[in-house]
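Chain naming follows the written order as A, B, C and D, and within any one chain the residues start at number 1.
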Amino acid sequence: MNTTSAVASESEPFIETVGLKTHFRTPRGIARAVDGVTIQIRRGQSLGVVGESGSGKTVLSRSIMGLLPRNGVIREGSVRYRGEEIGNRTPKEMRSVWGREMAMVFQDPMTSLNPVMKVGKQVTESLRLHLGMNAAEATEVAEKIFRDVRIPEPSRRLNQYPHELSGGMRQRVMIAIAMACGPNMLFADEPTTALDVTVQAQILELLSEQIHDRNMSMLLVTHNLGVVAGYTDEIAVMYGGKVVERAPTKVLFDNVKMPYTEALLQSIPRLTQPSHSRLAMIPGRPPDLVNPPTGCRFAPRCAYARDLCRSEEPPLTTAETPDHTFACHFPVGSPEYLERKVEIERRGATTGGGN
Amino acid sequence: MSAVNSSAGAETAVARKKLGFGFWLCIGWLAAMVFIALFTPLLPLKSPTANFLDSSQGRPPYSPSWKHWFGTDKDARDVFARTLYGARISLTVGFSAITAGFLVGGTIGVMSGYFRGWIDRVSSFVFVVLLSFPSLVLAILLTSLIERSLLTVSLVLGLLSIAPVGRLARAATLQYSEREFVLAARQIGAKDRHIIVKEILPNVAIPMSSLALLGMAVAVVAEGGLAFLGLSVEKGITWGGLIQLGSDASKTLEKAPWISFFPILMLFLTVLSLNFAGDRLRTFFDVKEMTL
Amino acid sequence: MVFTVACGGGGDDDGSTEPATSDGTDTTGGSAAPSEEGEPVVGGTLRVGLEADVDGLNPTASALAVSGLTMAQAVFDPLFTFATDGTVVPYLAESMTPSTDFTEWTLKLRAGVAFHDGTPFTVDAVIKQFEITRNDPLVGLAVRPYYPETDAVAKIDDLTMVFKPLEPSQYFPSALTAQLGYIASPTWLDALAADPTLEQQPVGTGPFQFDSRTEDSVTKFVRNEAWWGTDLVGPVYLDAIEFYPVPDADTRTELLLNGDLDIIHTTDTNQFETYREDTSLTLDISEDGEEYFLMINTAKAPFDDVRVRQALALATDRQGYYDLFNGGEGQLANQMFTPDSPYYNPDVTQEGNDPEGAAALVAEYCGENPVAEDGSALCTDGKVNMEYQWSGPSVLATRIADFYNENWSSLFNVTFDEKSQADHIQEAALGLYNVVGWRQFGAENPGDDRVWLECRNIGGISLNWPRYCSEERDALIKEIANPANPDERTGLLQQLVQNIHDSYAYIFMTHSSWAVVHTDKVHGQCDRIAPEGSPLVCSTNGRMYFHSTWLS
Amino acid sequence: MRYYVQRVALAILLLLAVSMLTFGALNVLGDPLFNILGPVAGDVNNPDSIKMIELAKSEFSLDRPLPVRYAIWLSDFVRGDFGVTFSSTGQPPVSGVISERLPRTVTLVAMAQLFAILVSIPWALITASRAGKISDRISTLNAFFLVAMPNFALAVILKFFFSIKLGWMPLTFVADDPLSSRLFQMILPALTIGLPVAAVYQRLLRTDIITTLQQDFILLARTKGLSRTRILLVHALRPSLFSFITVVGLNTGALIGGSIVSETVFRIPGIGSTLVESVLRNDFPVVLAIVMIVASSFVIINLLVDFAYTLIDPRVRR
C-alpha cells in the first residue's frame, strides 16, 4: 500500500468526485442539495469544505461515503476512491470499506455515541469485526488508541458510559472510534461545533496530528472558515449545493475572489477582537434548493451583484493564483467590485460610521 | 392499505390527513350495529328466548339452515336472533360506560389539571389506587357486590374508565393551561369557570373525543368478559354470554361451533371497527398513544 | 355437570336416609357374566370419576350424596343390602328378626369381624354409632323414628341386640342398607369427637381402607387384606381405588374417553348417546331411581297459597323440558312411581302446559293484592313475585333456569338465585326458599320416603323440605309402615300418591336416569353376591360398588 | 437512594388504600356473617341458629367496629392468614385454597408474559427494519386483528382448532399430572393470554425501534461497517426497550385479567377461576383474599419495573 500511496500522493487523487449530484425527492419538489460538485483530495492531504448550513456540505460528505438512504434520493456523477468507482455501490458492498477504509467523526458526540453501551465496546466492536481480534486483543488496542487520542486513564474510561464523560472526552472517544481500524480516509462533519471554544482547538490539533501521523486524507466539513484555516491544505467553499471557490488554504486567505467567501471570512470570530463586538453577518437567507434563483445563486444576497449575475450563472474560472478556481462575474478586486465598494463605504459614512 | 399503515402510526405524512376508506367502512359497520341495537324489537326476528323444538330434526342444537340462519343453541333458540339482541346490551353498556367515564373522569381530570394543588394531588392518588387493580379484577369485585342490572354494570365499567380518562384529561389540560391565551385570560382576570369552559374545554375536547371510540371498544370487551364469566346483566342476552353458552363444554363446541362463533364474529368486527376508527381519528387529530 | 350435584344436591346430598333402589334394568343393563369376561385378575388401581366431592366420610354426620355413598360403600359395609329381586338381605349383619307385632327387632352381628384399626366389631359399636347419629341435627331426624331418645335398644350379648323403634315398621332393615347401616369404628368415632378433621379419614370394616385424601382432588383407598367378606363373597381384586371429583359431566366424559378415568357416573342424559356409540364402553342405567321435580316451600308466601302452587304447575311446560333436557332418555313423571311400579296410581297425573288455567289462578290471587308479613307486595303488576333457586355455578342449571323463566315470566316475576351446593341444601333445610329443582323419592321400599313427608320432620331444620303438614298423610304413612295390613299396602300407597299430588308441593318433571359407565378394562361390576348367596345389583342410582371389580 | 425510598413509600401507601377499599367494599356491601355461617345467618327465627349467630359474632369479632376489624384482618393478612370461609363442614381456612391454587396462576401468567415477550421482540425488530414495506403493513394489520380479539373469544377459537379439530393440545388440565405435562397443558391457555399482549408490545416496540434507528449513533454504527442485524440487535434494541419494559410491567394486570378468563375456559383451578367461582357463590372471604393478593402483587411488580428501569438505562442510575 505504501508504494501505491507514495505514487498516489504525488500523482492522481486519492479520492475524487466528478460532477456529483445528490437530489432529494420532497413533497415540494426536487431539492438539489449537492448540484454537480467536483473535488479531489490527494493522499495525506486534507480538504476543508466550508459553507453556511444548508449549503450542502454535510450531504456532500455523506454521499461521498455512500451513507445516504437509497429511496427518495437521486445520485449522478461519480465518486472514485483510489481509482475505483464506489458511487454506485450498495451499502452491503460498502461495509468492507466503512470503518476499515473510511471513517467519520460526527458533530455532536452526545447523540452520536450509543448511550447504553460502554465506550470501550463501541471502539472494540469494529476492531473485532474488521481485524478479527478477540476481546482481549481488541481491548488492548482500544486502550492504546485512547492513549493516542490523549484520554487520561484509558483503562477506566473504557468501562464508562458516554454520559459519564465530558464533551471533549466524548469527542476524543469518537475520534478513537474512527481511528480504530486505521482508515485511510476520514470525514469530519463539524467535529467541534458542539464543543466549547477552549476544547475546539485541542480537538482540531488532535485530528490534524492523527491524520498526519497515519498519513490519512481528511475531508473536514465546517461553517467556520477560521476552523479550517490552520488545519487543512485546501479549502472548498460551497454555496447552494455548488463549489463556488476553491484554493489551497494559504492562497485563499491571501487572495479571496468570491464575495461570499469574503463575507464568510468577515464572520470569523477572532480572538483579537473583544468577544462582544458584533461580527459582520451575511444578510439574507441561503437559497431555496428546490427552485434556486437563476443566474448566480448568491446574487440575491450579494452587495456587488449586477443584472448579469441575476441572469447568467457564472462559470468556474481559474484565477491567476495557482490551483485557484472560483465562480463569479465580478470577483473581489475587479473594477466593478471596487466601484461598488466605494459606494457602499460612502453610504456607510453618511449613515453615521457604519459598524 | 395506506389507512392501515398510517393507522399503525407509520411515518407517511401524506396519509395522515385523510381518514381513508377503512375508516368509513368501520363507521358503516358501527352504524349498522347501533341501528340493530336500537330497533331489534321492531325487526322481523324470531323470539330470542323461545325454544324452536323440531322433532323432525331430532335433538337441538340444529345446524344453520334457511329457517335458522345462524343455527340454534342447545335449547333450540335462534342464534341469529340472539346474536342481534346481544348487540343491545353489549353496545348499551359499552356506550353508557364510556360516557359516564368521560363525564366524571373528564371533569375531575380537567379540574385537577387546571387548579392543581390538593384537588390534583387527591385525584391523582385516587387514580393510582384505581389503576392498581387489574381492571377485570376490579370489575369482578364490584359486580359481585351488586344486583347486576343494565345500569349497575354500565356504572361499574364507567367507574373503571374514570382513572385512565381522568389522567388524559389532566395531561391535556396541563398543556393548555400554560398556553399564552389562557395566561392572558387569567391576566385580564377572567373567571376560572369562564376560562375552563371557553378556553380549556374546546381544546381538550377534541383529542379526548377521538379517544372515545377506543374507550368504547375497551368497555365492550370488558362487558363481554364479564358476561362470559356470567357476571354481566342477569338474564340478559349478551355476546359474551352467548359465546360462553356455546363453548362451556368442548363437546358442544365440537358439535355446534356456530353457537359461539357467530357471536364471536359480531363482537370481533365491532371491536375491530371501534379500534380502527378510533385509531384513525387519533392519528388524524395527532393525539399521543393512550392506554385505557 | 354441577346440576346433578345441585338437585342431586337436594335429593342425594341428604343421602342419609336415601335407601338403595334397583330393578331389573340394573342387571339387564349391567355387564355380562364372569365367564365371558375371563378369569378375574388381582391387582391394579381403579380410577373413579365422581360428580362431587364430599365434606367428610362420617356416617353419623356427613351428608352423603351419591359420591359420598360410593366412597363410603368401599370403606364401610352396610348391615343390609338389596338383592337384584328387591329383597333386603343381611350383609354385615348376620340376621335381623322382628317380633310378631314388629315392635322389636333382634339384630345378630357377624362374628369375627374387625375394623381397619383392629377394634372388634360388636354391638357396642352399633349402639355408639346410633347414639351419636341421633344427636346430629340433620341425620338425626332420619334415625329418631327407629332410635327414640329413651329405651331405644337392649344389649343381649356382644353380637346380639334388640332395637325398639318408635312405632312398628316393616322397613327397618331396608333403612340399614345405606348411610344408617354403615358402621364405623367406635375408636375412630371417639377420636372424631376430639378432632373433627378425622372425618376425612374414615375407619370401617369395608373391603378397602383409607390411604390418603386431598379434598377436591383425589381420595385413595387400598385393599383391606383382612376383609371378613373374602371367604363369604369372594376376594377383593383391586390393589387400590382413586376417587376423582369432576363436577363437570363433559369433563368427566372426556377424561373417561382419554383413558384418564376407568369408571364414572352421571345423570346427563345428553351423554348417553355418546356412550352407546362407543363400543369400548359399558353403560349401566338405573331408569327409575329418584324423581326430578320442582319443590315448593309451602310455608313461605306466596306459595303458602295452593292456587299459586297450582298456577306454577300449570304454567310449566313439562313436555318441553323433557324434549330439551332429557331428549328421549328417561320418562316424564306424574308421581313418585313409574307406571310399571305396582304402587303406580293411574288416576294421578301431574298437570302442566296450561297457561290459561295458570293465568286465571294468578289473576284471582293477585286480585286480592296479597302482602307478605313484612308488608311487601306479593304481586307486582299482576304477576306473582317469586324466586327460583338452584345450585351452581353450572351452565346446564342456568339453561334450565332460563327455560323455566321462559315458561313462567308471563305470570311470575322470577328472580334467579344461584347458590353453592352447600348453601342450597342448607337453605332448603331452613326453609329459606320459594322454588327449587330437586331429586328425591324412589325408595325401593316406598315407606322409606316417609322422612320427606311427615309433619314431625318440620322444624328449624326440616327434612320435610316443603314444610307441608297433613295429619291424613301422616296417618296413611303409619298405616303403610304397619306390618299388620300388608295387602292394603298398595291401596294405601296409591292414596299417599294422591295426597302428595293434592298438596301441590311438588311439580313432578321426570324420572331421572342414573348411568354408570366404564371402559372395557373394568370387569366384575355385577358379580356381587350377598353372604347367603343371592346376587346383588350392579349399581344404585349412580352409587357404585367395587369389591368384586377387577381390571384386565 | 432517596428515589427508591420514595417509590417504596408510595407503594406501601397504595397497598393500604387498596386494602381499605377492598375490605370496606366487602364488609359494608357484603354480609360477613353469611360468609361464616352460610344460610344459617339468615335464619333469624330459629333459636339454634340465633345461638350460632351470637357465637360466630363474638368469635370473629363482628360486633367490633369496622376500623378495629380492619386492623385485625390486615395484621392477619400480612401474616398469611386470610381468615375462614363458610362451608358445610365448618370453616376451612382460605389460605389453604390460595396456597394450593396460586402457584398455577403464577406459572400461567409467567408463561404468558414469556410468550408475549419472546414473540413481540423479534416481530418488532423485523417489522421495524422493514418499516413501511408490505410485510410490515401486513403484520401491522395482523397485530390489529389480534388486539381486537377479546381473549375469551381467542380462548374459544384456540381451543376449537388446536384441541378439538387438530387434537394437538390436551383438552383438560389435570392437577395431579407430573409438572412437565401440566406445563404442556398450560401452553394453549398461556397463548390465549399472551398473544394479544404480544401484539400490543410489538406495536409499541416497533415504533420505538424506528425512532432509535433515526438516531446519530446508529449512523455512526453504520460508518463502522457493522451488519444490519448487528446494528439492530446490539445498537438499536436496548435503547428502545425503556417504554417497552414499563408497558410489560403495566400489562401484568391485563395478563392476570386474562388468566381469569383462560383458567375458566381451560378449567385450570388457579386463583383466577377460583375468584369467579367464589364471586358466583358469594364466598367473600376468598374473593377478598384473591383480590388483595392480585392487587398487591400488581403494585409490587410495577415497583420492581421502576427499579428494573434503572438497571437497563445507565443514564437514570442514581
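Remarks
Quick note on the criterion: a residue touches a chain if its C-beta (ideal position, glycine included) is under 8 Å from a C-beta of that chain, and two chains touch if they have at least 3 such contacts.
Given the structure is predicted, the values throughout are model-derived calculations rather than measurements.
Following the contact convention of this document, D is the list of chains adjacent to both subunit A and subunit C. Greatest centre-to-centre distance from subunit D is found for A, with centres as Cα means. Across every pairing of chains, the maximum count of C-beta contacts belongs to B-D.
When each chain is reduced to the mean of its CA atoms, the one lying nearest the mean of all protein CA atoms is D.
Note: centroid distance subunit A to subunit D, computed from Cα atoms, is 56 Å.
If you average the Cα atoms of subunit B and of subunit D, the two centres end up 22 Å apart. Inter-chain centre distance (subunit C to subunit D, centres taken as mean C-alpha positions): 43 Å. Contacts with at least two other chains are made by residues 248, 254, 393 of subunit C.
In subunit D, the residues that touch at least two other chains are 171, 276, 280.
In subunit A, no residue touches two or more other chains. Chain pairs recorded as touching, per the definition above, are A-D, B-C, B-D, C-D.
Interface residues of subunit B, counted against subunit C in their complex, comprise 49-51, 53, 55, 59-60, 74-76, 230, 234-235, 244-245, 248-252. Residues of subunit B touching subunit D in their complex: 1, 4-5, 7-12, 125, 128-129, 132-137, 140-146, 217, 221, 224-225, 228-231, 240, 243-244, 246-247, 250, 253-254, 257, 260-261, 264, 267-268, 271-272, 275-276, 289, 291. Interface residues of subunit D, counted against subunit A in their complex, comprise 215-217, 219-227, 230, 234-235, 238-239, 312-315. On subunit C, the positions that touch subunit B within their shared complex are 248, 250, 253-254, 270, 274, 320, 323-324, 327-328, 393, 395, 398-399, 402-403, 405-406, 416. By the touch rule above, subunit A contacts subunit D in their complex via residues 65, 67, 91, 94-100, 102-104, 106, 108, 111-117, 125-126, 129-130, 161, 163, 174, 177-178, 180.
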